[in-house]
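Structure record follows, encoded as structure tokens.
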Amino acid sequence: MLIAFIGLGNMGAPMARNLLAAGHALRVFDVNEAALGAAAEQGAKICTSPKDAVLEAELVITMLPAAAHVRSVYLNADGVLAGIARGVPAVDCSTIDPATVREVAAKAAAQGVRLADAPVSGGTGGAQAGTLTFMVGASAELFAQLQPVLAQMGRNIVHCGDVGTGQIAKICNNMLLGISMIGVSEAMALGAALGIDTGVLAGVINSSTGRCWSSDTCNPWPGIVETAPASRGYTGGFGAELMLKDLGLATEAARQARQPVILGAVAQQLFQAMSLRGEGGKDFSAIVDSYRKPR
Amino acid sequence: MLIAFIGLGNMGAPMARNLLAAGHALRVFDVNEAALGAAAEQGAKICTSPKDAVLEAELVITMLPAAAHVRSVYLNADGVLAGIARGVPAVDCSTIDPATVREVAAKAAAQGVRLADAPVSGGTGGAQAGTLTFMVGASAELFAQLQPVLAQMGRNIVHCGDVGTGQIAKICNNMLLGISMIGVSEAMALGAALGIDTGVLAGVINSSTGRCWSSDTCNPWPGIVETAPASRGYTGGFGAELMLKDLGLATEAARQARQPVILGAVAQQLFQAMSLRGEGGKDFSAIVDSYRKPR
Amino acid sequence: MLIAFIGLGNMGAPMARNLLAAGHALRVFDVNEAALGAAAEQGAKICTSPKDAVLEAELVITMLPAAAHVRSVYLNADGVLAGIARGVPAVDCSTIDPATVREVAAKAAAQGVRLADAPVSGGTGGAQAGTLTFMVGASAELFAQLQPVLAQMGRNIVHCGDVGTGQIAKICNNMLLGISMIGVSEAMALGAALGIDTGVLAGVINSSTGRCWSSDTCNPWPGIVETAPASRGYTGGFGAELMLKDLGLATEAARQARQPVILGAVAQQLFQAMSLRGEGGKDFSAIVDSYRKPR
Amino acid sequence: MLIAFIGLGNMGAPMARNLLAAGHALRVFDVNEAALGAAAEQGAKICTSPKDAVLEAELVITMLPAAAHVRSVYLNADGVLAGIARGVPAVDCSTIDPATVREVAAKAAAQGVRLADAPVSGGTGGAQAGTLTFMVGASAELFAQLQPVLAQMGRNIVHCGDVGTGQIAKICNNMLLGISMIGVSEAMALGAALGIDTGVLAGVINSSTGRCWSSDTCNPWPGIVETAPASRGYTGGFGAELMLKDLGLATEAARQARQPVILGAVAQQLFQAMSLRGEGGKDFSAIVDSYRKPR
């Protein structure tokens, strides 16, 4: 299939490579020359704009850092909607606010283009290994069309409902994740302060009502879960800055929906405080250090 | 074995009955005459005070509502320590603060009596069915002695460390549980407000990084988990008042240990606000109603 | 002076009337026909668009509900910047985010138009009485030019710095106000619950380190300050929805500036929860009801 | 008058000296030998126990660090109540929880002794200068009796109601103070991050609805208020550890009264986090550093 792929960052580049490996032809665009060069070496065709990239494409995939980029890539004079043919499906894999997704999708629909949102989880590791989870917001028909291609970049392709629901699923899950991670951090730090062995405490939690991914898989206390970022200096997981971004999306969406999210808002501020202290580059589980004496 | 059993409330009464059923002889005490009568009908010997109950007992078990009761049952002139023989082990199954446990244990030790703490989870259902979890704080030797008897009242007997660590494990787990439940409530309510199907959202969460007991087993949104209290009008689970009590124990222990617990403290206040609105009698998952329009 | 006045809502209408009373000629625009009619009866000239209104104007004043309106009123094809003459000053009295102010001001500057922001406090009462406070972001020169006209609508004209700083001053003050009001509510409700006379407590606070406008002037407890909204059923003050809007502006500005605001974020969520319960139409001091038994 | 004065710490010692200077005879007790020696040099009579101190005393004054000390000084076998004569009034100036005050007062009343609580504000500076504020919980009659003596140690003697209300007034005021100080810190730090001059911002706040003692008298931003601790390296004011203690009293009293205090609880945890970082020895306004980049 001839695919236009726009956005070759840390996530987009390996996703594009997996599509090339699966046998697709790719027309790519990015503002980063080096990223374009790397893709060209793998066989992709370099394009001069989003509009240029989507010419003759049978499918458009975008993977961008934030809503402003999605807006300009789709809506600018040299953007996707200026060049895409009626009937060609597009899927945006960026993590942005649901309102922007819906607005861009409405403009696409007005010219006969169906847009899906499909934010991912799994990080750069998942992007490289082709094991991402895609949370897809699309009509049933569009989902059926996209599913096989997404499956070449990921393992778990979940249909969440109409366009925008992919983003909703992601930000709701990640807001809960941020809260859980802080909750586990407080529980572990409190237990340690009160004098229980932290390994024993984690064992109790993991077989009881407190069990959660943040405790049994990504426990923030060093030495509890061998494969967790906490056991390797809080490197190589889900960065605190990304968690902060997602919490910002969640509370902003909540504001627009007039929906209170108390712990979600506190979680956002605690990660913001972590970032202010210069710790934003670590795995988000390093939030536990907010609860420990400075070393 | 001749066991002194003190405290025949909603939890203690079925626990005592299970011990009788297992063939033990019981000397029981409670301030509630009706509870004593019921135990007597099942074959227990009614006593006139804790001191009276522990006479000749080979093991002492207490199950009381709060620290003040534990203090008076053990330390009063007619209390456990006034009658218990040197060498006889005692185990307190109440949920109280670790500091009181350690203080009473030290006084017991001073007269040659080893005290363990063994707070439970599993609720009245677990007490009746004999499927409680016991979180036991005791020396290895004392734990080995207590384990077989506790196993006649429960299914999961966990050794957490020295005396006091049973309480620590419980309050740390339950603080995390309170936080998680509010986190799931906020995530579900936000998703609903933004327009995703709540069943789909729960599915995404449960197979992703937000997964936790509060989502996959006790989801607060009605209709998501058939067996959860939310699907039967928030009845019959873990009452909000009990969660509030445990959060109070956690934050007070944190205060004494000079350990910050930010989300834990907010969770406590939110359950307190729920109680103020007259909703404390419901299952704690009804906290989700704080995030929904009044019906 | 010939003034273009755009936005005749609850605040704008009385502000425009005060300018007419001061002898200015007004060209007015609003989307609300009734508001235009009322202004015409007072002697204003009705215009068909912002662009139309600013023709020949020596000064442009806008007073709009939110950033989206400011954006379209200034930037649309029939907007202020499409018609305003080079050198004519403009002042936006709306309360919006500082980033939008700066963006619109930059576009104005590009065509030789100086824009100031001058959000107000004092409510509809202050607008009618001409006693508003204006927090003005402008160059010293522009401030000197605007000051006399603003003084015909207000009593307190404060120069806060360059364009955008008026908004910053307002949202920082109002974020603190929201926090203070909740703080006073908690202190009064706690005192009442513990059994102190609330009048005595307010007296202690007002002569001690807890003193603040939310306690000595707008105390949320009924009967403490006779002139406060709390003493007349929480009507006629600063509406909770407006506080919620300003807290949203504050936390969103904080997010963009990567600045944590923990109590500010919690305050926003508590007012959002108040709004969800259907109480958003009351004075913001009714947040105290979140801390009292439902009546 | 012959006064028994028990507790010669940082606050008690200068209070006792002021009483000696006013011409009273003092019988003093403390566990600290050096403090006793210093008092003796000033003319006080050293006693061997609280019981010993109150012999023949016409008035008893106690000034102790925490509830446990109050309990033992009054209730132990060699305590105040073991020696005090029927009819002799006692006043406890410690800052402790209202429940302990009421319990000790009830025991005193049972033997014909009237106890008042009179916690102070004003710090060691106020104690030395004799300018403390006393918040007094006592019957009208007892207040009238105590007022002249308290006025020899302070300037502002406030009658708050029956015994216990002095503590209530103090912890409610100080909880609000802790919240306000954090609120001002967030507002100032946000303003600075957004680019307004902090002196201008403080000026706006101080003449607007955000005005409060924490902004106009003790502003946490360095250089705003010349006499504030912030302008001298956060030394010499109201220590963060004392604020943390009072917030602990407030939230614990709230827990017992089943009263939610959301911002109060968050404030407590934020000061606890400040203490954990080793900053507890500074003036409490140094909480603002939690909102600034580490220097």
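Things worth noting here:
A, B, C and D label the chains in the order they appear, each numbered from 1.
The definition used in the following text is that contacts are C-beta pairs under 8 Å (C-beta built on N, C-alpha and C of every residue); 3 or more make two chains touch, one makes a residue touch a chain.
Please read all numbers here as calculations on a predicted model, not as lab measurements.
The chain pair from B-D, A-D or C-D that repeats the A-B interface, sharing more than half of its contact pairs by residue number, is C-D. Ranked by how far their CA centres sit from the centre of subunit C, the chains are topped by B. When the C-beta contacts at C-D and at B-C are tallied, the pair with the greater total is C-D.
Put simply, the C-alpha centre of subunit A and that of subunit C have 37 angstrom between them.
Mean C-alpha position of subunit C lies 39 Å from that of subunit D. Computed from the mean C-alpha positions, the centre of subunit B lies at a distance of 51 Å from the centre of subunit C. Residue positions of subunit B touching 2 or more other chains: 254, 258-262, 266, 270, 273, 276, 290-291. Contacts from subunit D toward subunit C in the complex involve residues 98, 121, 133, 135, 156, 158-161, 164-165, 168-169, 171-177, 179-180, 182-184, 186-191, 193-197, 200-201, 203-205, 207-215, 218, 238, 250, 253-254, 257-264, 266-267, 270, 290-291. Of all residues in subunit B, those touching subunit C in their complex are 266, 273, 276-278, 290-294. Only residues 248, 251-252, 254-255, 258-262, 265-266, 268-270, 272-273, 275-276 of subunit D touch subunit B when the two sit together in their complex.
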